[in-house]
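Each of the next two complexes has chain A plus one other chain: chain B in the first, chain C in the second.
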Partner chain A sequence: MPSTSLALTPGLASFLKSLKTNPIDTSIENLISLLKRRQIRHSRSCATATAYLLLRVISACRTSDPVKLIERVQSVGRRLVAAQAREMVVGNIVRRVLGLIRDEAEDDRDAEFALSEAGSESQPQTPRALDDTSFPLDRDSPSMRPDGDRSSSRPPLTSMFSLLSHPEPEASLPSTPGSASPGGRGPGQGSKDVRAEVLEGINEIIDELGQVDDQIAAYALDHIHSNEIILTHTSSTTVQKFLLKAAAKRKFTVIHAESFPNNHEATHATVSGTASSEDELMSVESFQKPLIALGITVILIPDSAVFALMSRVNKVILGTHSVLANGGLIAAAGTRVIARAAKVHQTPVVVVSGVYKLSPVYPFDFDSLIEYGDASKVLSYEDGDLVDKIEVQNPLYDYVPAELVDLYITNLGGHAPSYLYRIVSDHYRMEDISF
Partner chain B sequence: MGPKQKGGGQKQKGNAAEEVEETLQAVVLADTFETRFEPFTLDKPRCLLPLANTPLIEYTLEFLANAGVEEVFLYGGAHSDQLEKYINASKWRALSSPFRQLRFLKSTSTSVGDVMRDLDGKHLITGDFILVSGDVISNLPIEGALTKHRLRRATDKNAIMTIVLREAGRKHRTKSTSISPVFVIDPTKDRCLHYEEIDERAEDDQPTRLNIDTDIILSHAELDIRQDLIDCSIDICTPDVLSLWSDSFDYQSPRKHFLYGVLKDYELNGKTLHTYIITENYAARVRNLKAYDAVSKDIISRWTYPLCPDTNLLPGHTYDLRKGSLYQEQGVTLARSCVVGRRTVIGTGTSIGDRTTVHNTVLGRHCKIGKNVKLDGAYIWDHVVIGDGSDVRGAIVADGVVVGKKCTVAPGALLSYGVKIADGVTVPSGQRITKALRDGMDVASDPKVVGAGGEGYEFVPGDEDDEDEDAASEASSGLVYRMPNLSLSSASISTLSSELSEGSWPRSGRSSFSSGDEEQDNFYHEASASAFDMLRDDNAADVVVLELVSMRMTANASDQAMRRAVVVSFMKRIQQLMEGGKGAGEAVHDVFSKYREVVDRCCLLDRNKEAKKDQVDLLLLLQQDLVHRHKGDTILLFTAKELYELELVDEEAYELWWRDERSTESEEMRTVRAQAQQFVDWLADAEEEESSEEEEDESEED
Partner chain C sequence: MPPPSSSPTHICLLVKHISSASTMAEPVHPAPTMPFASSSSAPGPAQQSTAENPRQTQTLPIRDSKDANATNSDKAPHKGKDTTASAVGGDGAGDKALSPAELKKKAKAEKTARRAKEKLEREGPAPAVGGAPAAGAGGSQARPSATSKKDGAPGGSQKGQRAPPPRRGSVAAAQHGAAEQQKKRKEDKSVAVFGHLYGQQRRTTIAGAGKEVHPAVLALGLQMRDYVVCGSSARCVATLLAFKRVVESYTTPLGTSLSRHLTAHLSHQITYLSTCRPLSISQGNAIRALKLTIASIDPSTPETSAKATLCDFIDSFIREKITIADKVIADSAAQKISDGDVIVTFAGSSIVKETLLEAHRQGKRFRVSIIDSRPLFEGKNMARALANAGLDVQYSLVHAVSHAIKDATKVFLGAHAMTSNGRLYSRVGTALVAMSAKERAGGVEVPVIVCCETVKFTDRVALDSIVVNEIADADELVSPSPPQQVTDLPDPAAAAATAQSDSNKKGAHRAPSNPSADTPASSSDDSPLTKWKDTPNLQLLNIMYDVTPAEYVDMVVTEMGSLPPSAVPIVHRMSTNM
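Our next item is the complex of A and B:
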């Protein structure tokens, strides 16, 4: 009797469903309130929701002027981030999209430059780029490529490239749904491409979000060896897929800390395979077999036993909520204890995380990044005396400093924590870091 | 296929999308018609009072939005214009509001019962709905309760309501301490069997008693008697609930009357009420000032997560959680030497002076706290100025209050809007000071209370039993806020019902001892009042008949009582119509022609019998009733005529009535029937003619 269960509790699924029908401003507000009410809360759900929302935002934009697009995405992004600053993936996705627009605008500008060389004046657009925002928002190449001599040598070079590459985006045009409106002539055609390209780029990000776990899992066999004892924590699907991939080929033992009180139910379910994970996307996508179904020994332990068992553990594999630019982690509460214990026992700590969780934010005040959750998970609310007299805090996340982590495995491969800055600069543009 | 877990719900959601989506409706009672928040509610509607710097109603609407409610009906009570203005400007009215519809309904109701009956009349409710009062704070996903409710409903049409209750142990700050609700529950079916409110403040030598029907104990193998539940007044109702409210015109409060009454009358109505007891998640009601204190603490300690200040429910709020449950908005000015302790909320624009200490305090926006001030456990709303060296503990200080230098505000003091306390004044514990107009009149400031140059006077609540309540509350809690009244303020009981019985509690226990006469009397009162209500509301005749018949069955009343009830209600209505400017004849015609059926089916049961006893009795009753009424004689004439024309009363009955000695026993009776004389005469003539005609006919036939 499905109709009885149809209490439309809002969440990612209902948001994505409503996205198609609702006007864009409503959708933005919708997502903001979902984030505020913590109805969308896992990193991936947040990232997916943001990406789909930005897809809508950009396809709803009448203009294809990259400056306006950037402004629009920035204003939406600021509101989303203000709604839930601790979900850093939201900011990451916004930055990625901004970077996309800038890249396309750059290509486009170069193309225009080539045209303008040929006689038309498309330059008047440039001064507009410099208004209202606090940082240099120019589409000029100099500020983006901080190294080397700029401006003078590059335009002719890129114009050569873009002359050749220009037809290419046009060919890809029909495939993108957002760019149905015809009306590109002269310079307009170039800027219409920007939007189409950006939409395509966002779709790629969405695809990436869907595939990231499998991509990470592809590295599993390099890191997990036969007869190893692996310790893990929480019900992260990324970790589960990683282990499952290795389990297909090798036999090893998994020790699973239950991550009480915020995630223990999901962890129990993951270990026993009784429920598909809490992650809203996953339950739609695929039913996951538990590790035990593949003949792996999984030992569920309370968090307090971590230190005692650490001496027998060969490797610690951790999921995370987000990764910071300095290589530190914001991960489920209890992670720091595990990492610390691993350090004492010289056990390697491997963190598996999609690149989308990598945030360019530097944790100056990591206390502010930690969210405090529902106190009743720690102390039952029925206990009136204690509730009245004791202050209970339930941090949802831990900050794990970079020195406690030995290796990051992202969908791009394995990296040392000290190398993360490089990935950050690959993925985000300098000018978007504090958009 | 009930959903076992959240993950499973996902797939079902997909299936269900193809089915007809039932919109979930909610009714918010913004005013619960109580006086527990006086003197603040003299100026502002109760649900706009700030709780941790966010108006109460926001939490309730947030809860409904979380629950996936799509249509909200908001019933305003006192100061409903302010509330309406607030709601219209809020995000809930914006295009992006999660509610597809948010309707603000105004009513002149004076009790929850009136609101429910009004709602029933408006026919807005299409399916199951959630009934909450405008002061509920909850992070409960209602899904579970709703699913259970719907499943139960699918199998049993009579399961009309599910009450959401939060388990809370024996002693709890959020539970009410003076009266505690007791639920008797059949745990196998989650059915609530009995409900009673126990006065905890009763003296020791007079132990409180719970009166449970023996039937309940005999017919259920398992019973839970629970007193450990927080009643957060979240009810999932079916439309039947509304009609039950309508059927029982004297129910005022949703628990004490409605719940109690419906459970008592199970044998009659067959409706069952169920409970949904939650052991996780937060749910509470800010039902009085003590609960206000407790819920504020809960919010600050994040029991209500994610409904915490740092969620910034209101657009424009910028709260940040710092260490030690300190919530601070941007733009707060703190002096270097001030100490801001734990469990504190500070709004934007507030400045705190040197060497001031602040603990466990909620500070609103744009407050100015001077130097050397001590604040502890205080609730200070917006734009408050507190002078240097003052000491405010455990008090509520409303918007715009100015407290002078070196003042002491003792725990439990309530300073209402705009009050000014002069320098050096001590406000004693439990004192309430207001500036509100009393009966539309300005009241002169009382220098004894607020000091020379201060503004405001002491507010004395109307109830006399207040003294001991305060004492009791002092004994039971650290904060000396006034306890909830045991009885609702008597003003909320409509005139009609107060005419009937002095106590509003339906006394089933007592009724078994009471004499038959009293019962008959009761029935007559109830029936006439409800019939009158229905006539006034222009209900269809068959509805009135049904109601009256069922009431009669309930009370096992005699025919005579029934007739009397009908007569009285009809006459009352006629008189009302006449006062409204109608002529007597017209009024009589209107009422009787429309409700002919009522008279026919309720009063005249011996239509075919030879002795027209009932008809005569009806006429007599009419006559008796009209003795006291203005223009009674005219009405009697027209009524007699109308009854005759509608073929309700036969000629013989008129004759018998006219000759009946009871109709001429007193002077008044005679004057009333004087005008009817002409009608009876005419009738007699007509009869003669008729009979002579008949005779003629007969003779012709012959």
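Our next item is the complex of A and C:
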């Protein structure tokens, strides 16, 4: 059954399968149409698809010139983002890849500067693959690099003001030809390294996407104590893994709001432990036992009962669709009212999210981020007489302002919402923010 | 002002309810008579209860846990059993006089036996798995089989020997296993903090209702249980109208007076109603007023005139407290609506509906945004009524509260009750809407206006939604899976339909990781929750009400004027003293 449906329905699995055989342009078109038709949904699927596609794009690039690579990735990235602007992870992955290329190009140039005294291999060892948690990341990037030429090539990223001011991408581009000019002088091994390093970096990103939930789950015991009552919403794999990790050691109670029209089926499947078939398709995803199998009491409630129960809840743990640089987040509809109810009851709200969902975009118009879904989920066909007369709304997402969130837990650890801008600046380069 | 136009329609509607109630009762009637028959004619029950709806078996656990104890205690006085057994045997011979202690033991043993027998009958389907003939025999000779159990192995009485030993073993084992299993299930399924609210399961049939219960009340109880009659005022009016019929058909038995006996008679009806669904505050208030009136009737009054007085009282109570009150509230609340308003309301309150229709009738131009919730979807009817009247209606579910509230200018809410500390006790989800109105992002608060008759005021107080609430059947949350099922399409067609409308619909958030691949599979399946009662550690909670803090309510519009929520206790005292 799953195999037939896999073959029939386009999605992440079929896309990844076809990626190896199809020519690169077909794959790009394929992903664009998948995004447009919403056949790839959810942050991680989109991110994985984008990363694999960019891997193909770069490995298919005949040139090794960083400028050309950047242009190529930018053009593909623009098309992908245009296809589905609200899946912000697509843009995030593109930015990360662009950052990788720029870093490699700069490291390459640094290496040539330093070629006379130091081995060229020492510098490319520090790519901007900050996803790797083995490094103490924040200190890593500034200290490991020579600072002298850094300031000339790009503006320092330590200020939040520079983060919010949108830099024109053209202003930074002249620096890149500058960095590429050594490549022009010695087009042989140096630039070839760039491509290999970038491919390696993308593979690291893909690895990160696979591990991110487990990395986040590793913090679970720091945040969940015994006999706690935890409220969550929708069927986020990240949240489930987080809770499962804690459930292995501690006993607590989970109240699960079902997020009715859009995600209740998946939520029901998650709480009752019947979520199976779709997870087999996902190679990175070997789904684990449901919480109830570990002896955790799970109480499923309709969304409307959240306020009534909030007075007994100790902690609200939420998944998210994407996180914005200002500390706010875009999450499944209903999240905002839950976070608000938690605030009213002085209940801490914890958001678990991979760093890849962290978007450098600062939206001034929040409504533009909200996607509206199928109205027939709200009002089914049996009420067809009503459909003509009334307006039915089914928003898929909510914007949750930063002040409603108490803590973010990413694969890098726990952060206050006000600290997120700093992680953003560690992960994306200024010149790529609006690529 | 007396509105002759609106009150008759209201009452007409409710009378229709009642009359339809009596017609509805007819198909229901035959069913409950069966269990009655079953207790006397034995082989019936096993098949009968297997044929009956599975709900019947769902109600078992509560009693079974008790019975499990009974069987345990059955074992404990084993020592005494031989004596009891001999006593039973001796009873037949009629030679020995029993000591009081022995008598007590005997009575106790008989009681356990009776319980075991009842259980056996109820549990017809369960042992049938072990062996159908055994169950049948157990049914037919339930009494002896139970005695045989009581007797223990040696020296069984004649009755005991008539029951063959193997049957006893199998039945007991089956019972025990089933009881244990069901006890476990039962323990799992009530949410701990709400333990105090899981008193009794709602009545599923009218079986076992006392013979004093009037048919109109019988039917009304079922209608209230099924939410056919739903909403605080509707339930109140329907109850009063049913009680009016009770009063009309009532004759005082010899040797009592109407004022004394009718109260007792009514309390049978009330008990029955409250087993169907816990009584609403308004029902309680109405019943209290009615009982007061009954008690104040002079015993010397002739029965016919007393009954006429009571019927008049009921009519005027409905008219004053609800029909006209609704009209007054709708009038004064409609004045709060001005042109260009965006009114947000939650679920389906009849009085808010009246208010909005009244404002529309007055020619005001405004938009209504109805927020609805699972599982009752009461807002749908309201949306239909308003749309048919030509209003501009927007409909969304509770997940979209923060979107709907964004451009709201006023929030109108209905009430189930107003507590004496000024809090609003209303359909679950109301608090979320009120909170969203008060905690908006821009900092601009939206006024929250509650429309509520004073008959819904209570002297009870509530701080949270947990101490006082009503638990509805959690299975209501399970049933309505995707729209495909409701329209009753065969599965391939449903899959095709999803495929056609794929761009929006396909796997919209269907699955956590890979949504689209799963669509046909999940639509062919039932909801994964259908077996939730068999799933350990999984609980479903379906509460009916929540309590909105008083600070979220700006104004309560009643028939006595528009008040702040803090005025509720004063008005309540005034209206009950009158």
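The rule is simple: the second predicted complex is superposed on the first by the 342 of 435 C-alpha atoms of A that agree within 3 Å, B and C clash if a C-alpha of one lies under 4 Å from a C-alpha of the other, contacts with A are read in each partner's own complex, and residues count from 1 in each chain.
Everything below uses one rule, namely that a contact is a pair of C-beta atoms (placed from the backbone, for glycine too) under 8 Å apart; a residue touches a chain by one contact, two chains touch by 3 or more.
Quantities reported herein were computed from a predicted structural model and do not represent experimental measurements.
*Asks:* Name the contact category of A:Asn394: first (chain B only), second (chain C only), both, or neither.
*Replies:* both
*Asks:* Hey, is it chain B or chain C that touches more of chain A?
*Replies:* C
*Asks:* Is A:Ser368 contacted by the first partner chain B, the second partner chain C, both or neither?
*Replies:* In the superposed model, A:Ser368 contacts chain B only, not chain C.
*Asks:* Who does A:Ile28 touch here: chain B (first), chain C (second), both, or neither?
*Replies:* first
*Asks:* Scan A:Thr63 for contacts with chain B and chain C and give back first, second, both or neither.
*Replies:* Neither: A:Thr63 stays clear of chain B and chain C.
*Asks:* Which partner does A:Gln39 contact after superposing on A: first (chain B), second (chain C), both, neither?
*Replies:* So A:Gln39 meets both chain B and chain C here.
*Asks:* When the two structures are overlaid on chain A, which partner does A:Pro302 contact: first (chain B), second (chain C), both, or neither?
*Replies:* Once the two structures are laid over each other on A, A:Pro302 reaches chain C alone.
*Asks:* Touch check for A:Ser434: first (chain B), second (chain C), both, or neither?
*Replies:* A:Ser434: touches no partner chain.
*Asks:* Based on the superposed arrangement, let me know which partner A:Ser418 touches: chain B (first), chain C (second), both, or neither?
*Replies:* In the superposition, A:Ser418 contacts neither chain B nor chain C.
*Asks:* What residues on chain A does chain C touch that chain B touches too?
*Replies:* Overlap of chain B and chain C footprints on chain A: residues 1-2, 5-6, 8-10, 13, 37-39, 269, 275, 277-278, 373-374, 376, 380-383, 385, 391-394.
*Asks:* Across the complex, what residues on chain A touch chain B?
*Replies:* Within the complex, chain A touches chain B at residues 1-10, 13-14, 17, 23, 25-30, 33, 36-39, 83, 269, 275-278, 280, 283-284, 367-368, 372-376, 380-385, 387-388, 391-394.
*Asks:* What part of chain C is in contact with chain A in the complex they form?
*Replies:* Spelled out, the residues of chain C in touch with chain A are 191-193, 373-375, 380, 383-384, 387-388, 392-404, 427-429, 431-432, 435-436, 439, 441, 464-466, 469, 477, 481-483, 486-487, 501-522, 527-529, 531-532, 535-543, 545-547.
*Asks:* Please name which positions on chain A make contact with chain C in the complex.
*Replies:* Touch list, chain A to chain C: 1-2, 5-6, 8-13, 37-42, 44-45, 234-237, 240, 253, 255, 258-263, 265-266, 268-275, 277-279, 281-282, 285, 291-293, 295-309, 311-312, 332-334, 336-337, 340-341, 343-344, 370, 373-374, 376-383, 385-386, 389-396, 398, 401.
*Asks:* Spell out the part of chain B that touches chain A in their complex, as residue ranges.
*Replies:* 1-3, 5-17, 19-22, 24, 62, 65-68, 70, 91, 94-96, 98, 139, 141-143, 146-147, 150-151, 154, 166-173, 175, 228, 279-282, 297-298, 301-303, 305-306, 311-313, 320-321, 323, 325, 342-343
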